[in-house]
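Chain nomenclature is as follows: A, B, C and D, assigned in order of appearance, with residue numbering initiated at 1 for each chain independently.
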């Protein structure tokens, strides 16, 4: 056994044990790790957004816009003008912050509406294409093998289950029931498939505790 | 309360203990197990194997240290395969942590004796483009111009000054795209943008959770193959005839699966035993 | 102003982004990228609101000495430490070798990876409870999980290696994944596509407006 | 002795002479092995590519020219030694051609995305077998320009319009007062019971709207459901708390709850602190919410929205404290865990149907009916396509592909 001399490894190891202690039950050790985690991760996200979005995306683009204006004036091309548009992004962000002042806080809804509108428009097309049409295209298969038959029947019945405006009764209900079985196979299979992933995460942590930290594994 | 009733309501901490032991114990033994290969993994392996030397492979590292146990072995065995086939490798990340993961994998592989003798040069044989924010939009930009999506590489060198990148403008100049993904943005986005819109040849390595979601995309046009979780990583190592970490970890993996299955069986036995009792 | 303007913005922006898909001509072609960049900028502003809320709640707890106020100090200290060092390090804060990276690697990462790894235990306890052959549906769920779980590890191979190739556990698991699993997956995906198309439409048309609140 | 030495010297010399004599052959054979120089005909360069044509890449934003050529006769046939093609470009037909890109052997087209709109470019293709080259004739000039409409996406446009029309049609019918049947969704029937139980037990209700931001449709759907749950909670006078992981979701959730409480006639019961931010971090949030669950022991937990790996961490902990759990997500990977650990789970599309189901607003119900019409269209397409393809009549698959 050769425990690591690195204090950082010890901190990491102790925090690892602290989180694991939750499995036994809630306790002050876990509460400490949880509180630290919340504070530290909130800080991490704040810093990440600050240095990867706020500075380069907002200030960076406006900086480029000002620079091109000073060097090229009005001769700049269309794409150069696009940099100016980030001011709108900045304004929408600023409106969001106004939420802090109860009297004019409602104006942040404009930014919210912008975000939701963008999402709606983008999702409409993208899901229609990639989740809808492309999957239909792939389901149009010749019924020449057992596999293809299962695929077509399964997709068909599965979709029947999602019908909302028709009662699942009679033949229709039968199809929906077959659909549920297919869905159950899907969920069972992905659950089983995932077990492996989760176990490997634990292997990684155990390797850290016994290998890197305590030096018990060669 | 009878034995079976108590078994049905077993304290979950007992299950936790079994799992912990099942995972920890095998780490102390060095056992390698037989790994069967599947067609999804062979799909990627043979796609890479059939590329002619000098072909360009793009690897996108779309994960962070959280998924290292599963994805890092995949990254390493894939890189080794590329280098041993004399392919040119372009690394990048859609996750901020991606390029770091890439460098860690490079560090391991470039120090491998078989690869070291090739004396590979940065900028000629491989390059790390770094990270650009923007998720799938980055892929879309790469479809029109990689130099616009990544004006400089990880170390701040202009792409125009990197020999490897000179003739590479978009997906037309890339012979294979390999994506290591742990979520969003990841394989789904690469399929939707790189494969669907720009017709890139795409393979992926996924965490085992994500892999089943990608099965619908399998096929020549969207995904030539997929590595799912540690099993996929181990398969690739076996195909490349270089068993490494993933193959070693498979032992603990197997034992822990056995524990879960064991409890599922026990649970069902107890369930039927108590039900019979109730009926009688 | 409070209700109409947001609904108008929503409708215009949403409709524009649908149209943009069919119009490759600039500036429409760049609209999607641009809007997604704006979103990031808005999110970067908005995080101040969340952080202020977190700090306010923590400080409140400390001053009112509510139960667990000591842990609120830990929250504040952790936050201040990361933000202070992160701002000090500058835009290269994440590079290997910086102080920030040390903190990230030794404090944040172990916490994150362990919380993630806890799933290994929970997946065990969840499968013990959930996978019982209570009825037909539950049995189907159980069997699919059982075969795939076994098929993905070498034990499955050892148990069934006497069977002819193509009928072993690994092959069964693969067959489940490639056919019925994929069929169900597709049904779910197509359903979601329709659900999203319809919800998007309701939002763009202003029929669905709960997220904006009232007057 | 001398004689024998002489003999040795002689032998060495004659050996060296022989080596000298045969050295050209040796060198050539080594070279042959290295470069296959002596294979008959290989001093010849590969046949030049033909029919080089360049044109504006169709249906794009401009700044792109597509180049097609017919591959060299030695590519895949003939000498079969083509290593690749190099694409050369110039702005004058007999000007200086510069290398702009390369492809592997077998390729027949290249897209040049490094051009300026409105400028004429000429292209030549150079084929190489690793030693020698051949050049194609220059292409006719090509100019790039942006297009207004992407006609390749006409099929998608038609589907989008058809679905929109179906949904709008039924919304209008519902507005006109036509009764619509909606099947039972168990998870949503349970909302009232769950809230009622919390009231009886005097414990809290937690509502988790997923961990994504407002740029995710599931979050928006989750917030809509929050509106209905909050209204029920306000009516039952149960305490509902919403810890969130995104600031914008916090802002929206407060609006939603405030409105719900005032609709329920209890605006005074609403307090902004019922919605609070924890951290943006996925697992940091999971750790904190787990802590809340075990300490507050809520009677009911709602998990509605976009979830990732933390789904099971939350659901298992919620289950261990004995809460009634109603989950809903369209993240296919997480549905199995919710099914395993929660009492009720809304699967995929059901999450998006929930707001209509709970509100019973005719307009929303109408849109559900419209969705079903979409399903009929898709199912019909699958049946038709499968039949046509099975009898080898035609393949309608491409109708659904993306241009």
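In this text, a contact is a pair of C-beta atoms (placed from the backbone, for glycine too) under 8 Å apart; a residue touches a chain by one contact, two chains touch by 3 or more.
Owing to the predicted nature of the structure, the values given are computational and were not obtained by experimental measurement.
Shared contact partners of subunit A and subunit C, listed by label, are B, D.
Taking each chain's centre as the mean of its CA atoms, B is the chain most distant from subunit C. Compared on C-beta pairs in contact, B-D and B-C come out with B-C as the pair having more. Our note on geometry: subunit C versus subunit D, Cα centroid distance of 15 Å, whole angstroms. Centroids of subunit B and subunit C (each the mean of its C-alpha atoms) stand 19 Å apart. Per-chain Cα centroids separate subunit A from subunit D by 13 Å. The set of subunit C residues touching two or more other chains comprises 18, 21, 26, 30, 32, 36-37, 39-40, 42-43, 46-51, 54, 94, 109, 111-113, 115-116, 118-121, 123, 125, 127, 129, 131, 141-142, 145-146, 149, 152-153, 177-178, 181-182, 185-186, 188-192, 194, 196-197, 199-201, 203, 211-213. The residues of subunit D that reach two or more other chains are 61, 156, 160, 163, 214-215, 217, 220, 248, 251-252, 255, 278-281, 283-284, 287, 309, 332-333, 335, 337, 339-340, 347-349, 353, 368, 371, 375, 378, 402, listed in rising order.
Counting partner chains per residue, subunit A shows two or more touched chains at residues 19, 22-23, 31, 33-34, 37-38, 40-42, 44-45, 48, 53, 56-57, 96, 99, 109, 112, 115-116, 118-120, 123-125, 127-130, 132, 134-136, 138-139, 152, 155-156, 159, 162, 183, 186-191, 193-196, 198-199, 201-202, 204.
Interface residues of subunit B facing subunit D in the complex, by the touch rule stated above, are 12, 52, 54-55, 66, 144-145, 147, 167-170, 172-173, 175, 183, 196-197, 209-210, 212-213. Contact residues of subunit D toward subunit A in the complex are 155-156, 159-160, 163, 180-183, 185, 214-217, 220, 248, 251-252, 255, 278-281, 283-285, 287-288, 290-291, 294-295, 332-333, 335-337, 339-340, 347-350, 353, 368-369, 371-372, 375, 378-379, 381-383, 385-386, 389-390, 392, 395-402.
Interface of subunit A with subunit B (complex): residues 23-24, 48, 52-53, 56-57, 126, 129-130, 134-135, 138, 186, 189-190, 193-204, 206-207, 210-211, 216-217. Of all residues in subunit B, those touching subunit A in their complex are 13, 16, 19-20, 23-24, 27-28, 66-70, 96, 133, 188, 191-192, 196, 207-209, 211-213, 216, 219, 228-231, 249, 252-253, 256-257, 260. By the touch criterion stated above, subunit C contacts subunit B in their complex at residues 32-33, 36-37, 40, 94, 96, 109, 112-113, 116, 120-121, 123-125, 127-129, 131-134, 142, 145-146, 149-150, 152-155, 157-158, 168, 170, 174, 177-178, 181-182, 185-186, 189.
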